[in-house]
Amino acid sequence: MRVGVLGAKGKVGATMVRAVEEAEDLTFTAGVDAGDPLSLLAEAQTEAVIDFTHPDVVMDNLKFLIDNGIHAVVGTTGFTDERLDQVRTWLDARSDVAVLIAPNFAIGAVLSMHFAQRAARFFESVEVVELHHPHKADAPSGTAVRTARLIAAARKELPPNPDATSTSLDGARGADVDGIPVHSVRLAGLVAHQEVLFGTQGETLTIRHDSIDRTSFVPGVLLAVRRVAERPGLTIGIEPLLDLE
Amino acid sequence: MRVGVLGAKGKVGATMVRAVEEAEDLTFTAGVDAGDPLSLLAEAQTEAVIDFTHPDVVMDNLKFLIDNGIHAVVGTTGFTDERLDQVRTWLDARSDVAVLIAPNFAIGAVLSMHFAQRAARFFESVEVVELHHPHKADAPSGTAVRTARLIAAARKELPPNPDATSTSLDGARGADVDGIPVHSVRLAGLVAHQEVLFGTQGETLTIRHDSIDRTSFVPGVLLAVRRVAERPGLTIGIEPLLDLE
Amino acid sequence: MRVGVLGAKGKVGATMVRAVEEAEDLTFTAGVDAGDPLSLLAEAQTEAVIDFTHPDVVMDNLKFLIDNGIHAVVGTTGFTDERLDQVRTWLDARSDVAVLIAPNFAIGAVLSMHFAQRAARFFESVEVVELHHPHKADAPSGTAVRTARLIAAARKELPPNPDATSTSLDGARGADVDGIPVHSVRLAGLVAHQEVLFGTQGETLTIRHDSIDRTSFVPGVLLAVRRVAERPGLTIGIEPLLDLE
Amino acid sequence: MRVGVLGAKGKVGATMVRAVEEAEDLTFTAGVDAGDPLSLLAEAQTEAVIDFTHPDVVMDNLKFLIDNGIHAVVGTTGFTDERLDQVRTWLDARSDVAVLIAPNFAIGAVLSMHFAQRAARFFESVEVVELHHPHKADAPSGTAVRTARLIAAARKELPPNPDATSTSLDGARGADVDGIPVHSVRLAGLVAHQEVLFGTQGETLTIRHDSIDRTSFVPGVLLAVRRVAERPGLTIGIEPLLDLE
């Protein structure tokens, strides 16, 4: 498969160029960054493009790629509902092209969120503990909030977590996200980690994800590149590629 | 739902009698143990029976229950292929009756095995660490061996775990179960615990199950009792009840 | 060594009777409970007594034991400063007798608190996560509050934990105990667990204590019985017996 | 304090130059690498030098530093007993100079080894699990072997770990290091991690060290630089600086 990279000189883009070059089943065609013509990608007979660029340019990139029959795997942020509708409209005219846009390519993160949802109905109790480096601005992390919401939705017919706490210090029992306690640890020496703890009589199940390197998105992007063509049209997230259903 | 218990005076059976009595949506009908007539169950209009008895008597129990249109949830061991065929034959004549036989009712254990299988294809590396009390006779545990085999089957098209070990002490890298390293820890103060560790570039996913109480089978047996009637015929394991597919 | 038990019919006392009987180097002399004369202990030539009784009777017990030259290992609660002074006064008159009073005999708990204090000065960040069964009334646990206070005292000359949190949900960052964030998880299937997490550049150190059984005090009580005579006078806590300094 | 760096252009040395420059209480004087004269360090009035160089040059470096009254903090490897004796001889002639040579500057690693030794006598069972990236050549890691040996020495008067294993697969119970089982996990996505698990009746104590970044030696080297002058003569390891006794 012939693969190009948009945003090839950015930190993430450069990592993806190297990853494509090292993958035996992929051929790197062209790297394009600000100032380079998009036509380089078409001239090099690129079949799929990885886009980690900027909200300001990603829509133009997608228009070009779709018009030229090139599949796209996109990690750029800033996709509003309006933008997604626009992409769908463009794709309607090219039923052979596939675009995958994902907020998170870390396979472990996506799987742990999926498993947490599946387990949610079968346990009396569930809490989330997320642990990050101390430079993080938000607490809880966006992933933890999203995980808690998915769990809450999955167990909405169950009674709430049992909890006999009658005396407590402010904050001890964590933040309440749709009824699920979420605890945020900020510690030097950590990167990004999350534990979902489920409990019922006599047993617990813990799903833990550790991301210790900013390159943990690479295997997920490569997976998406390899399989994007199987799903013409617009796909959101890599979960549909993981054959989970 | 009207529920009886076979082996009602055994440790597990007695625990199940209490659990049925405490469940608001279930009514306990009769407890039967060695010497008691099975007819007590039918006379009490029992709809489903929990059987934690002995390989010597469980087949007679099942014949009686199927003949009398009573569903069965069975934790008794010793089911050979031959025995399972016999049960299927009996059930062919009573298409309204359901029998569920499971080697493990701990929901956390069953889910963790299922999730491990699902994750197996998406990571370069996987190992299993199981930790038990020091009175255990076998190493690795039966559950760990089964988990490793399921993982090995799921990733059979992937290359083996990367491993540059060139100098090692005997045993350091664990037991090899179908290519998956399995490590067995035996420690005072533990009960039964298992971790499946998956790793790829920059991230790991850990699925951990802790069973710290011999009663961890209770929620799974109650779940099976509540849903057994939905699946006439023979069901093996509680996994099909967990809506995982 | 000849050992008696006060409160021998209580849950804890009965466990201690069995533990003494099973220990090869100890001889059980007499079990005394409400209504039994304390003189039974002296008549049986008891050298040391384990007291898990009640605040209402423990002072009378100690007076008798000290007067009769019998060492005491005490897990009974309710010792005010005034009571401790009274015990010291009694002991002044009997320089051959030793009394050890401890709020917690679980060796793992005591060691983890000690190690946490020792590590505290060498890490930029520290947080405490404690996890208990959902029937617990207080959050954080008394042990977690005490651990956090000891850590805070040990690092009082260090800058506070780095923490760039600027947007957060109430409670996400835990309870503040003398500047140390403490998080309380309440989950079915747990008993009593605590993690102290330390972090600095590129590394973390975690000290975790799991208590999964109400009998985890037994080894600490036996240790105290075996060594109490080495320390005539009053000793508070089992820490001095652990040769940590 | 005025601090220089030997091996300043190497990966570790360059990291240390930056760390010294960023520390408010330290002044960077000079970086010396292959080809540069050692006299640069003396001319810049250096008080202490960090040496991460090569076994081929480290002895010459130390001779120069000691002769010039400059303290040394050394992470270079290859110190035989003979070499250490030579250093001691040089130091005998300069009682005002301090040299600290350490195989491991990661404070968390050193503390966890120390705590493991201290805890060893108080638990029936102990095992070591070490987890590393899959490019590691030796199993178990040198740190795990050393940890196990220290634990074994500390508990040599205790009975061996209880272990009822009667049926096992080769390797399941780990490598035997002086009677302590050591298990080595090799997993993509990991860096360097170690758990020491202690257990006794009803409770376990786990000491876990995670090193996720090759810079985890930095805080320990800085600590050594700040305190080396307090200990004239030769010091081996950073443990004596941690005020643990």
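Order of writing sets the chain letters: A, B, C and D. Residues in each chain are counted from 1.
Just so we're on the same page, contacts are C-beta pairs under 8 Å (C-beta built on N, C-alpha and C of every residue); 3 or more make two chains touch, one makes a residue touch a chain.
Keep in mind the model is a prediction, meaning the values are calculated, not measured.
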item: Path length in the contact graph (chain A to chain D, fewest steps); value: 1
item: From chain B, the most remote chain by mean C-alpha position; value: D
item: Distance from the mean Cα position of chain C to that of chain A, given in whole angstrom; value: 46
item: Interchain centroid distance [CA atoms averaged], chain A/chain B, Å; value: 34
item: Separation of chain B from chain C, taking each centre as the mean of its C-alpha atoms, in whole Å; value: 39
item: Residues of chain B touching at least two other chains; value: 108, 123-124, 189-190, 198, 200-204, 210, 212-213, 216
item: Chain-level touch network, classified as line, ring, star, complete or other; value: complete
item: Chain D-facing residues of chain B, complex; value: 123-127, 129, 131, 134-140, 161-177, 181-190, 197-204
item: Residue ranges of chain D touching chain C (in the complex, touch as defined); value: 106-109, 111-112, 115, 118-119, 121-124, 198, 200-219, 223, 242-245
item: Contact set on chain D toward chain A in their complex; value: 108, 189-191, 210, 212-213, 216
